[in-house]
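Chain IDs A, B and C follow the sequence of writing; residue 1 opens each chain.
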Amino acid sequence: MALVFDLLGVFFFALSGSLLAARRGFDIVGSLLLGSLTGLGGGVVRDIVLGVTPTAFDDPVYLLPPLAAVVVVYFLHGPVRRFRRPILVFDAAGLGLFCTTGAVTALEHGMNPVAAALLGLTTGVGGGLLRDVVANRDPQLFDPGDLYALPAMLGAALITAFWAVGWRGVWLEAAVAALVFALRILSLRFHWHAPH
Amino acid sequence: MALVFDLLGVFFFALSGSLLAARRGFDIVGSLLLGSLTGLGGGVVRDIVLGVTPTAFDDPVYLLPPLAAVVVVYFLHGPVRRFRRPILVFDAAGLGLFCTTGAVTALEHGMNPVAAALLGLTTGVGGGLLRDVVANRDPQLFDPGDLYALPAMLGAALITAFWAVGWRGVWLEAAVAALVFALRILSLRFHWHAPH
Amino acid sequence: MALVFDLLGVFFFALSGSLLAARRGFDIVGSLLLGSLTGLGGGVVRDIVLGVTPTAFDDPVYLLPPLAAVVVVYFLHGPVRRFRRPILVFDAAGLGLFCTTGAVTALEHGMNPVAAALLGLTTGVGGGLLRDVVANRDPQLFDPGDLYALPAMLGAALITAFWAVGWRGVWLEAAVAALVFALRILSLRFHWHAPH
């Protein structure tokens, strides 16, 4: 199930990257590359910090979600691709899944709780940050009009705290990922934001 | 010969970075830094993914090509430095060499074929992407008006396929690098592009 | 003392990042993240090149300076936060400390002198470069109106040369860091610059 969550996170982030590429007028190869970078970037950073071979380079199955994402985006009708909302929703789904799987992976590798929460956050926000940086736009991560990092921080911290008291497992991870996703979407809907 | 190809790739990419720095009005130190990042960046990323000490930090000879590149650029006459074409040509030469040497290095380290092709692509496009990102401009990699990643993908895939059937060696690598270079230049000349 | 210098460097760079975030209108979470990336980024790159677990992920004490920096910035009066000068001064302090501690760390890990000087430079300029790249602005590193990389190169080279003749220790490092800081500030004040 850990693999399924990870691949789902790759797929959602890849969708956000491929959609952004389509909006920016990139061709299908650029769309595949930006989707791959967004989907795989956070996990590659996580694995390099952990000192292990990045799963994206170790297991070819990780290349399927970005391929699927670019097929989905490429066959969408033109007008749909121009909306900004789907990018935000898919990005939020990736954020929820990755801050969770990132923290779990770090804990499984024996990192201390603070480092595991930090690495969960890094995994969650890393792919989207790379996407926005190479697409040469202001990162969503720093948009002061809603909450982005805060839900991911909360999710990674919850996973770490539950781990410390012995609560683990796929349902818990799914619940935390759903909570992060919900908080992110609600903050977009109701313009929740942190103090300036 | 592997070292010679690698150093030539560093030199061509460093030229593209130093020329871009000159066009952007950076001083000679900025030109050296942007050239070094462009020339060495792809290989550093490759080595970090492979889990080995980056050759650029291991062997000081890797610092000579960026130094040579900045000397060349600095003594060019002003008007020449402002042309956009030399940047594209040197970048194409680096792309051809690096997607080849990147894939070979990955295969020599025992990576699976898919990962080796992916790492060849990453090595090939990495330096130029870093150059464009830190120079704060839209990456050439995503320019929909020509082919950039596709020739590198083809080159890295060819190297991997030939390796699987036992065809290796310096002439093969030179031929693949030349093919990638030719496809990139032809796509610029004739505006070949992937579907949008 | 090595830890103290490193944490001071993190604090100064984090201040520069958090101040830039405040100027750009990021919220307090974005300010913490940009400060953390600036303060911790150079050291993380250094440790990944060295092949060790990044100290920022290994030792939670490294998270305190970015937290302190965001508290300082957040409680500054609004107008103060809009000045450009404090960012430059704090950045210069981080540069001096990090090119020094980066070179020393590389030498302690047995790198050759050229690589150690290069890694000192990379550690010194890395955090500020990451800050400017994710904040989507032209990097200070490439500003041709003053000296940025040159003092850091000198500092890292001095540390390496002194190490080779057996001169080491906290006072020497403090003196080199102060020299780099002074050269950087003087170049800003008197518009020293490298040839174009």
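One rule holds in what follows: a contact is a pair of C-beta atoms (placed from the backbone, for glycine too) under 8 Å apart; a residue touches a chain by one contact, two chains touch by 3 or more.
Fair warning: this is a prediction, and the values are worked out from it, not measured in the lab.
Chain-to-chain contact here is organised exhaustively, every possible pair of chains being in touch.
The angle needed to superpose subunit B on subunit C by their Cα atoms is 120 degrees, rounded to the nearest 5.
Averaging Cα coordinates per chain places subunit A and subunit B 29 Å apart. Annotation for subunit C: residues touching 2 or more other chains are 48, 51, 133, 136.
Of all residues in subunit A, those touching subunit C in their complex are 48-49, 51, 111-112, 114-115, 118-119, 125, 129, 133, 136-139, 141-142, 144, 147-150, 153, 193-196. Against subunit C, in their complex, subunit B makes its touches with residues 21, 24-30, 33-34, 44, 48, 51, 53-54, 56-58, 60, 63, 133-136.
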